[in-house]
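Listed next: structures, encoded as structure tokens.
Here come two complexes built around chain A, the first alongside chain B, the second alongside chain C.
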Partner chain A sequence: MAKSNKPIIWGTFAAGGELVSLIMPVLILLTLLAATGHVPAIFGYEKLHAFAAGWFGKLAIFVVLFLSLWSQAHRLRITCFDFGLRADGLVAFVMYILAALGSVATVVYLARI
Partner chain B sequence: MSDNRLAARQIELEVLRYNPETDQEPKFQNYSVPCINEWCVLDALNYLKDNLDPTLAYRWSCHMQVCGSCGMMINGEPKLACKAMLRDYPDTIRIEPLNHFPIERDLVTVADDFIAKLKRVKPYIIPGEKRVPTEGEYKQTPAQLKRYRQFAMCINCMLCYAACPEYGLQPKFIGPAAISLAHRYNIDSRDGGRDERQEEIATDEGVWECTFVGACSEVCPKHVDPAAALQQVKAASTVDWYLEHFMSWVKK
Partner chain C sequence: MGEKMSRRPYVREVPPTTWYFRMPRYMRYMVREVTSIFIGIYTVIMLVGLMRLSEGPAQWQSFLDALKSPGSVTFQVLALLFALYNSFTWFNVAPKALPLQFGEDMAPDSVVAIGHYVVWVLLSIFILFWAGVF
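Take a look at the complex of A and B:
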């Protein structure tokens, strides 16, 4: 029996799950506080903007958002199934399209910084 | 002095009976069994067999949660009959053979599928470093023991297979106990057989059939936590996949 190629799918799903549970809440809070100016100077708006303008910052933000969107799309799909919404093909299509749109939007916004 | 007399209790047992020689299909038979509240379900079955109906077939051996042979569905949940205490149950108890396994007779199931899977994953030490007895024992630190000890507690009772909805849907799934035992040897410091076992468990019908429902860990009478073992196997197999496909020069 050949070894499975599922690690590609599961690996990104698991990585996204970790990011969403450990990093995303911090990032959401941090950007919210930075936007309203309630952060120490090191996390000031200009500093974060400069980070997002560099190629490393762009790559990091894209990876975090892409993996989070992908894993949560998959999770919502499974949740819908568990709640009795059994039109799995349609649900999967909608969820993955939303995640793809979010990822494209991320690229567009990052490119404009 | 406290009153040590044990409380008598009349228990209605609804037992699924099936005799392949005479029955078209399994059906329930009811017994009213005089019990003592401090008994376990296995005691009630033993009383039933000794005094009411000697034709009832079921497996048991140790009566102390070690041998793993008295697994059965008790009020719909996979349990060891020797660990299911009557005091935790109402006066009517429904007893069926383990889910997801063919019935051999009454409460006895056919375990061939599990045994075959167990053999496939090589659940024994395949020494990494060949030594002869005169070279002394294989040494292991307490920390190295601690890594796998929990997974070594498995008694092959198959409750996790009866609980796993994935195994019910995909009988080819190697399943919780066999993969947990493969993992137990994979992470043993004395072992060198991981590559051989990965050929079996890092496959579509191996660990990747698991959807992390977690029922296996809930029913495990020995707290092996098979779901955790399978998640660890998934993570390690994912690292393997990237190493094999993109960094084949790196030793695993």
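Take a look at the complex of A and C:
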């Protein structure tokens, strides 16, 4: 049987879809509260920095950003196709490069905290 | 199979950029597709927030201040609505995507879907509590 990279792409698509569906609304609600003057305690610099400095916080932030970046990159690729942009190879290349750059940036920023 | 067909096959014309206006369910599908644009942009905002956090207290504060601009608040309200639509449509198809089997029996579709809503509500409340909202 021919080898395929589909399981890897589909794995992040499914895991990302599940995680994004479960936590994205509440994450947006948190920043929306902060934006409207009801800053949640976790957004204090000391608190959030301490969370991101611990191994669990680093892992949680990495998993959320990594899965969200890859699953949304994959979905945006399909969205482009559905809106009539048929250069799928180019779109896929751009989307997955952006997701890869975002993943590397996440690791770099976490390492600096 | 494999040989070229001698007769011209019938190809149905589908307008590539406007096909989804034809039927309400195509439109609903497309609205769900659009949610990925908002969630994708929001993911980049979270990444910028992480960058600002790694740079220091003043930079983190300027990120929080930037969130307060009218454009940012408008975007976040829209992103929240689209994210909710994305979540609910995902939970509703979950029985098809993640069928649960117990021995010989399959769990009823409603159990899988309701289970997702329950987990979502509990997790959201937990995260709000953890974040110090209440």
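Here, the second predicted complex is superposed on the first by the 87 of 113 C-alpha atoms of A that agree within 3 Å, B and C clash if a C-alpha of one lies under 4 Å from a C-alpha of the other, contacts with A are read in each partner's own complex, and residues count from 1 in each chain.
Definition applied: contacts are C-beta pairs under 8 Å (C-beta built on N, C-alpha and C of every residue); 3 or more make two chains touch, one makes a residue touch a chain.
Fair warning: this is a prediction, and the values are worked out from it, not measured in the lab.
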With the two structures laid over each other on chain A, which partner does A:His49 touch: chain B (first), chain C (second), both, or neither? second
Mind working out whether A:Gly11 is in touch with chain B, chain C, both or neither, as first, second, both or neither? first
Which touches a greater number of chain A residues, chain B or chain C? C
Just checking: does A:Leu110 make contact with chain B only, chain C only, both, or neither of them? Give me first, second, both or neither. second
Considering only the touch criterion stated at the top, classify A:Leu22 as touching first (chain B), second (chain C), both, or neither. second
Can you give me the overlap between the chain B contact set and the chain C contact set on chain A? 14
Given the complex with chain A, which residues does chain B contribute to the contact? 198-200, 202-206, 208, 234-235, 237-238, 240-242, 244
Tell me, which parts of chain C touch chain A in their complex? 16-18, 20, 30, 33-34, 36-37, 39-40, 42-47, 49-51, 53-54, 57, 60-61, 64, 67-68, 72-73, 76-77, 79-80, 83-84, 86-87, 90-91, 97, 116, 119-120, 123-124, 127-128, 130-133
Partner chain C, residues of chain A touching it in the complex: 14, 17-18, 20-43, 45, 48-49, 52, 61, 64-65, 68-69, 72-73, 75-76, 78-79, 82-84, 86, 102, 105-106, 109-110, 112-113
In the complex, go through chain A and note every residue touching chain B. 1-8, 10-11, 14
